[in-house]
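This is the structure I have questions about; it appears just below.
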Amino acid sequence: MMNTSTLIKIILGMSLAITQIATAAESEKTDSDRIAQYRDMISDGNPADFDEMNGAELWKTPAGPKHVTLEACDLGKGPGVVKGVYTELPRYFKDTDKVQDLESRLLTCMTTLQGIPEAEIVASPFSTEKKKSDISMLATYIVGQSKGMKMAVSVSHPKEKEAYEIGRRIFNYRAGPYDFACLTCHATSDVRIRMQDLPNLNKPKDAQAAYASWPAYRVSQGLTRTFQWRLNDCFRQQRFPEPKFASEVTVDLSMFLAVSANGAEYAGPGLKR
Amino acid sequence: MINMERRALLKTGGGIGLFALFSAVGLLKPGLAMADWNKSAFSAKNLDEALTAMGVNKPEVNDVFIQLTVPEIAENGAIVPVKVVSTYPNVERISILVEKNPNVLAANFIFPQGTEPMLTTRVKMGQTCSVIALVKADGKYYRSSKEVKVTAGGCGG
Amino acid sequence: MNAKWIIKFAIVLAISSLTITAQAGTDDAALDAKTTAIIKRDFHDRGIAKADRVNQDELQATCSKYIDNLPDPLKAKLEAAQTKTIKWPSDGKYMGDWKAGEKLAQSGRGMTWSDKPDEPAGGNCYNCHRLSSMEIAYGTIGPSLLNFGKLRGNSVEVQRYVDGRIYNAKALNARANMPRFGFMGILTEAQIKDLVALLLDPESPVNK
Amino acid sequence: MGNPMKIRAAVKEGVTEVKILMQHEMETGLRKDADGTLVPAWFITEVKAEHQGRTVMEAQFGQSISKNPYLLFRFKGGAEGEKIKISWVDTKGDTREDEVAIVV
């Protein structure tokens, strides 16, 4: 017959085993899991909401020398339509005979409709600590109107197809003192820079998750950042010179990335480290 | 309460102007707008100093009646989410402290009857260290702490 | 009309004529040429990052063209050319101070348009490599270098190998992602020595 | 006057959950701006939540609360359509007050 002390030993032994199993499970948790936990915990309460609110106000507030609103701006689905437009951008626009992304198109509307000089907007197109950018807040508002909708960027127009092809080439273009191209960091799966997992933008799943979460509020900067900013800062880190705001090089690269993300459910504005 | 009167005053335009003027000449410290905003606790430079300023003496460690949830790794120290749930009866106050921040005491939360003893907020962290939840229940103090690793994010440039 | 203006005009002309070609058929060469023309037009100087940084040298152009399919003979030719660029330390010494090396390895700064011209660049090592077991924020684009010296020793041959590898990583592998730190003037001779020490000194956290 | 907050109050099984996102720089007084000049301290010191005139939460903040402060809490009671009022005061004496109706 089992005496009490044996019984205690068995119970202790069992609980020790359970603890060991639990410890093993804990150690199997990777840093990526821990970062995922962090991201999940901060996902509620996105300060980008304030930029969306401000952008919505700017959209319907008369501005510029012509003192008109942007409500006649055609972002691809007709004047004033904002719902779902981001899922089809970049796209070809007949009036400018160009492929344009959201920010490039907003620039067109602000210059043509409102009469704001292009040089004025292009001189400081991104938000800073001291001053938030109107075009960034407008973009944040517009993308919010596509939340939950599927990305469906077309390459049916020859100029759209060409923009995609050129964008792909820009992605692979190595230059600068570091010999970097976009592909240096974004064409391999399951690698990270420092602690951040890098999306392999040649793989649909990664490309979708990455593209569909921009624009995003950057915790590290305390500002909401647009896709034009994302590309601008990638080129900075790539040790390239600065791409001109809303230039063809940025639009074509966006086209390549957007098409790679087709089918994704748009989830922006996001919230990132 | 002085607190409420001042608040009422602040809501009127004249009140704000007057207040701003007093602040500017240093006659009235902005902190005084809150009757019980404990300036010495909020300016404390280390944990002991903060606890002393709060009148807390060696709080009992309890990780069962205080559930403190923080991320193990924070991708950026500018936002570190903190969730505290306490199962003590009669929780009056929950404070959050960040061990190695220049200002250790991050916040006090005061719970009237009927408000559940839980909260979620976000703190800044200058470096890897412990986050401490300090709970006051039935006049006694209890604490629980967890380490958060703060990392250098991205390309670092 | 100044020279800069003429160049800009020529680029615009080239782009418009190329558009016609590209539309006529999806001619890869035409698209390549148009891509280059757009890149040369759409980047501008900012801070220390001048517009001419987009001009490719032979290695960059070849790697961009072939991406993952660089033919072996071409690869060997590029590597031979890169090997010739390596400048060995003038005093024949390879090892510097591992403590300075660790600081360099941690820094991700240098050569961007937001970096100041008089500030020395960082090594960016942890961005891509694991080096010390103490640092959890390390990248995995490059291989882990944990215990690098412990596994290989620190003979003069090993020191020379590491120095060359940092000076010009493309000498051993033209397709390497690693920048050519010495050849491109990113790091000084003394800084490279500090990194060699970080990898090989038995006291360095890499080998602890 | 401060910038508007985002508030959501939802009642479920007799408990109202309130989520607040405030717009505030929460300057520590220790940070330098791009030009290297010290940015003076400026942060929210007190937040108050009222339900139908009754205080349901009072919070005191220090410099270590993140920019754009976030707060979630729960209280017993609350019904659809009833009002939740949130107010804050900062170190400059600036204030903000916003009100929302409880949803289900």
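Details
Each chain gets a letter, A, B, C and D, in the order it is written, and its residues are counted from 1.
The criterion applied here is as follows: a residue touches a chain if its C-beta (ideal position, glycine included) is under 8 Å from a C-beta of that chain, and two chains touch if they have at least 3 such contacts.
The structure presented is a predicted model; accordingly, all values stated were derived computationally and were not measured.
More inter-chain C-beta contacts link the pair B-D than the other of B-C and B-D. Note: centroid distance chain C to chain D, computed from Cα atoms, is 48 Å. Separating the centre of chain B from that of chain D, both taken as means of CA atoms, is a distance of 13 Å.
Per-chain Cα centroids separate chain A from chain B by 33 Å. Residue positions 31, 45, 193-195, 222, 236-237 of chain A are each in touch with at least two other chains. Residue positions of chain C touching 2 or more other chains, listed in rising order: 108, 112, 114, 126-127, 136-137. Counting partner chains per residue, chain B has residues 73, 78-79, 81, 122, 151-153, 155-157 touching two or more of them. The touch graph of the protein chains shown belongs to none of the named shapes. By the definition of touch given earlier, these chain pairs are in contact: A-B, A-C, A-D, B-C, B-D. Only residues 19, 22-23, 26, 31-32, 34-35, 38-39, 41-46, 49-56, 59-61, 63-64, 67, 108, 111-114, 126-128, 136-141, 170, 177, 179-180, 184-186 of chain C touch chain A when the two sit together in their complex. Interface residues of chain C, counted against chain B in their complex, comprise 106-110, 112, 114-115, 122, 124, 126-127, 136-137. For chain B in complex with chain D, the residues that touch the partner chain are 7, 10-11, 16, 19-20, 23, 30-31, 33-34, 36-38, 42, 78-81, 98, 101-112, 114-116, 118-125. Those residues of chain A whose C-beta lies close enough to touch chain D in the complex are 44-47, 49-50, 53, 128-130, 222. Listing the residues of chain D that touch chain B in their complex gives 15, 26, 28, 30, 45-46, 54-67, 69-77, 87, 89-95, 97.
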